[in-house]
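Please go over the structures that come below.
Each of the next two complexes has chain A plus one other chain: chain B in the first, chain C in the second.
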Partner chain A sequence: MSLPLSAEDGRATRVTRRVARWVRRGGISTLVFLIPTLVVFGLFSWWPIARGLVLAFQQTNLVTAAEWVGLDNFRKVLADPLLVTAAGNTAWFALLALVFGYPAPLALAVFVRELRRGRALFSVLAYLPVVLPPVVAILLWRVFYDASDSGLFNTLARGLGLGPFQWLQDARSAMPSIVLEATWANAGSTMIIYLAALSGVRTDLYEAAEIDGASIWRRIVHVTLPQMRTILLITLLLQIIGTFQVFTEPFLFTGGGPANATTTILMLLYNYAFINGDYGGATALSVLLAVFLGLLSLLYFRLTRRWSTT
Partner chain B sequence: MLTTRWRAGAVTALAILAATACSAGSGTAVSDDGTVTITVGQKPTPDQAAALKTWTDRVAQFEKANPKVKIEGSEYGYDVQTFQADLAAGTLPTVVAIPYTDVQGLIERKQLADVTDVVKASPVGGKINPEVLKTVQDAGGHIFGLPVQAYTMSLNYNRALFRQAGLDPDRPPATWEEVRRAAKAIADKTGKAGYAMMTTNNTGGWVLTAMTYTYGGAIEKVNGGKASAAFADAPMTGALTTLQQMRWTDNAMGSNFLFNQKQLQQEFAGGKVGMYIGTPGDYRDAVTTMGAKGEDFGVAPLPLGSPDGGTLTGGAVQMFNPKASKQQIEAAVKWAEFFWLEKFTDQDHAVTDAKAANADKQYSVGLPMLWLFDEASKKRYDEWIKPYVNTVQANFTPYTSKAASLKLMIEPPVAGQKVYANLDSVVQTVLTQKDADVGKLLADASKAVDGLLANS
Partner chain C sequence: MSARSEDRGLISAADRRRPVVRWTLGGGQALILVLLALAGLGPILWLAKAAISQPHDIAADPLGLWSGPPQWQNIETAWSRLRVGPALVNTVLIALGNWAVSVLVATTGGYALAILRPGYAKIINGALLATMFIPAVISLVPLYLTVLDVPIVGGSLINSYWAIWLPAGAGAFNVIITGRFFAQLPAELFEAAKIDGVGNFRMFTSLVLPLSGPIIGVVSLLSVIAAWREYLWPKLVLPDRAKQPLSVMLPSIRDNVQINLFMAGLLISVVLPIVIFLLFQRYFIRGAGLADGIKG
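So, the complex of A and B:
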């Protein structure tokens, strides 16, 4: 005569069976393979992020024990008059990059795709700037932007009866000048992604459109873009996140000048940490930026859910 | 433009975060037999063969004289961008040089070891010029480093461009009116920038401070322990008006107004700039690594805008790791005095050092400096190193003939770098906006600086 199992015993048996099934299905070997990744990510990615979060609520001179200061770092950063300027500049950069930088690689990709001959050559030419180290490219463009009459761009502009322009030396034109270089430097890598996506567009749709007498423009609008919708939405989001973290270009081109016209959030963060040695302020600002970008991404997904194919 | 290059930013953020993950100190390096190990920075690199040999010999001498101290060399040189991470990670040497301009900020953040007792008790450190020693002291007079080199800022000028512009290179401008006239002459006759100025990475504020001092002004005033802005008055207005006139009335400042220190040095070394405010030590980089000709590099004292004007000082300070133990600090101060200061007071040290510097051709021997000790020792030192001097001494005469009589001024004592950051923007606005209202700019900057000083 067997005794009826209690509810607790039944639960234990179910757990044991589940573990046994997990082991039988190769759970242990999966875990063994996963451990190195978990350790590397944990040590070099998640742990610093967690430490950064903690530091945002502390004041430290990196010598004595850190002191808890509650929300003081956030209050200080939010009260910094330069934060508004930096946020405005960053948004301005992101907007300019969106208007001029976002369509450029798409146009390039479509152009290359439509070529009958020399597709490889044009792809290489468009990708070439990506290969140049950013510092080298920026130093090169600094020379192009020489504001004297003999500067390269000013010489070209003179040929068109324009200029001379102050480029980086004027608060109004500094940011657009930086965006121009950034677009040139980065368009190639996005173009490669678009080219790959374009190869996945169903050719029968093009053929059908052609038979119906659609022009190239109509084929792009009604066939290409709808078919690339998902990839376009993702690259747009990544671009927005990337541009909100712009640092190298203003740092090397203008140092944030003239008169803070190109000081971005990340430059401000850099100054907090490395010029003023204020790690609490720097991490508080980075947490704020991360939260902002997280919210922006959520909002973006919510707004674009309807358009996405997935 | 998908992948905007934010990698540097990511690295920055990672460095901030990672820096906090480690906190190894260097405060336990005392062995069982009582031997103290210290790490000393600025060890010469293998390509500086003569200097490396001198360094190795000095280490042997020091260890022989101090058998309980072991020296470990590190090629580490101070870099403001990596200092914080090195401090956090415990990879800073026990002793290394930092520039004057960063000392007060590090003192405020308690990132320098207090060496008051050790320096005051030492036979060499105790003799340092008290005016120079102020640079490394806090408001309470505590000492946080050992000044080992000092200078007053200088007007560096291109003697070749002076000649081309019909100016006498042996009589550089002594007032700001003369600077303006010379800058215009250079710009008109040669097409080069007559006068240029650093403006980014806080250097604009630094140089504007130096200019304001020459007009008899101040940057901060401290009352009852509270600091406030003191620059929204005639001296800084005078300095900015001079810049405005050279830039917009005379068109004598070229076309680039966004220079950091290194970029301006390169422009000057390339013969594109007639005059700029820098340091006498700029000669070394310009001549040994940037291709300038020594005979074209002129050094003059800062021009004065007022008879009450003073001159900003600068230099190098040996700092001591705040994580080091008391024994390590004592050993490190002893080493710093032995290696960095005895060469000014000991003939053997002076001669060997100058000889090695001359042989490596990477150092300039005989650069003008603000002497740290008494005048008699300066004359002796000059005689000792004379055979090894590799700089054009005549070009320094305008500077050396006046340096001793200048009124010395130190950097703004509270939150100096943050104040400089605010003033960068003021200088940049004056140089890039034609009708910039100097009065309004200074009123706004003064308000912003008051705000940050109130929170310091």
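So, the complex of A and C:
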């Protein structure tokens, strides 16, 4: 071009050139490839998360426009006497799940790892409960927990000279009964994770320990477990985060009863949102739970940083 | 198992020669095998027996090994009269849609973010990672409201399978592991293709996808299993009984049907997962360590 360009024209040309170069280098096709991700995450992940953070401060009935209520939702949720019960039940669930479910898969994995034959058979048998859809497993265990004399577990207990028990109908045994099923349903997948982690344990350390005269038990404590600590710490945290969001088991086993003995935080949230239509209150509760879990994770990582790095 | 594990484990060859160790190991193995069989296989076998029993036999003698001739017609009755068959079809439809959306999002997104890497990829990657660290519970209610009235597009997805398929695709874990897999493919292949003037689309369909069988397999398995296990979400978005999958339909009929027919319904809904598991158990057991360990 021989004609002198004004500054504005020059800028316009530069922008046009840049766009042209972007197109030539495949900018448009890159964007086309991102459309499914952007649409799906935008509408069904990022937007709901952002909206949740706003909704916690609003009152809405879906008919009239949402109204800004500040911290009212949080005040209401925190003043709900059921919250203390639900938080206590959820913590009780998490504690029981830890006691029932944390050591068994680890012991099993360490044992199975030492087998010369049949490892696959042991793994398949342990993993079978994980394969059953949770709803089917829960509905089946409800039959096992039949409180009558001829219920399956009561028949087994009678063989041991015990019972009959009111498994799910008694406020004291309802939660342990639910946790027992949940442990049975999930132990297999934890065991498989540990088995995978065990294949990374340095075997020359076993040899060194043995030469030093360490017994098998001492080798487990001083060689196996320290090498697995990272994965052990992660599964512990994931289990706690998971149990704090438990819903299906108490919902289908007991509906939260008897006398709210198995109402968890998530069941409370479900009642807020989908029984009472209080979406603001429900979201405030979910924000509180998420903040609690976030703080718990932070604290956990701070406390365990010393152990998890070598 | 790897060669190294055969060399030595926790227990050495010398240990194994000691009687105490040999007996504990052997006895423990037998005991644990029996316990595992009881816990893993027992409930499924009991379910199979109850499904073809008379109701009074289940009630009177739950531990009886065999009681009366098998009632095969229970299966048929549950399939058609209790509508377990149609619910199974619904479950399969939901799983197929979840699979298609998850694989589409994971492969296209992974390709754009890990191979094409536009300047803004960092922002999107960050936004994807962030969703993995935010507990799912926070978006349950707003996601429900989103499905009730979809932003921009408008309209409600209630009673439509899209309400399950589309959110199922929004799994950051899938996009990220797929992207990582793509990034490990040899870079020279992409360089050579670029020099030959192959465009982004052809590179994706004839270079990246054919090499990505393993990761597509992992994403497929994870999405199909998740579809089969889901309860609360389909219950919320599919109030129409004719559209509900097994997981939602089974609890709703529990109190109104004979126990043996109900057990037949449960049996029908576990046959497919168990068969698929037994066929692919190698991949399940190898993949479970990966998936559960990271996803939680």
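Going forward, the second predicted complex is superposed on the first by the 260 of 310 C-alpha atoms of A that agree within 3 Å, B and C clash if a C-alpha of one lies under 4 Å from a C-alpha of the other, contacts with A are read in each partner's own complex, and residues count from 1 in each chain.
What we mean here is this: a residue touches a chain if its C-beta (ideal position, glycine included) is under 8 Å from a C-beta of that chain, and two chains touch if they have at least 3 such contacts.
Fair warning: this is a prediction, and the values are worked out from it, not measured in the lab.
Between chain B and chain C, the partner in contact with more residues of chain A is C.
Contacts of A:Ala126 after superposition: chain C is touched, whereas chain B is not reached. Shared-chain residue A:Phe274: touches chain B and chain C both. Contacts of A:Gln166 after superposition: chain B is touched, whereas chain C is not reached.
When the two complexes are overlaid on their common chain A, residue A:Pro250 makes contact with neither chain B nor chain C. Once the two complexes are overlaid on the shared chain, A:Pro134 sits against chain B and chain C alike. In the superposition on chain A, chain A positions 44, 47-49, 51-52, 55, 62, 134, 148, 151, 189-190, 193, 235, 238, 242, 245, 247-248, 251, 266, 269-270, 273-274, 279, 282-283, 286 are in contact with chain B in one complex as well as with chain C in the other. Residue ranges of chain A in contact with chain B, taken from their complex: 44, 47-49, 51-52, 54-55, 60-64, 76, 81, 97, 100-102, 104-105, 134, 146-148, 151, 166, 168-171, 182-183, 185-187, 189-190, 193, 235, 238-239, 242-243, 245-249, 251, 253-260, 266, 269-271, 273-277, 279, 282-283, 286. Within the complex formed with chain C, the chain A residues making contact are 26-27, 29-31, 33-38, 40-41, 43-49, 51-53, 55, 62, 108, 110-115, 118-137, 139-144, 148, 150-152, 155-156, 184, 188-190, 192-193, 195-197, 199, 203, 206-207, 210, 216, 219-220, 223-224, 231, 234-235, 238, 241-242, 245, 247-248, 251-252, 266, 269-270, 273-274, 279, 282-283, 286-287, 289-290, 293-294. Within the complex formed with chain A, the residues of chain B that make contact are 1-10, 12-21, 23, 80-81, 84, 87-88, 105-106, 109-111, 199-202, 254-258, 260, 322-323, 417-418, 421, 424-425, 428-429, 431-433, 448, 451, 455.
For chain C in complex with chain A, the residues that touch the partner chain are 1-2, 4-5, 7-12, 14-15, 21, 25, 28-29, 32-33, 36-37, 39-41, 43-44, 46-47, 50, 59-63, 101, 104-105, 108-109, 111-113, 116, 118, 124, 127-128, 131, 134-146, 148, 150-152, 166-167, 169-170, 172, 175, 199-201, 204, 228-229, 231-232, 236, 246-248, 250-251, 254, 259, 262-263, 266, 269-270, 273-274, 277-278, 281, 284-286, 288-290, 292-293, 296.
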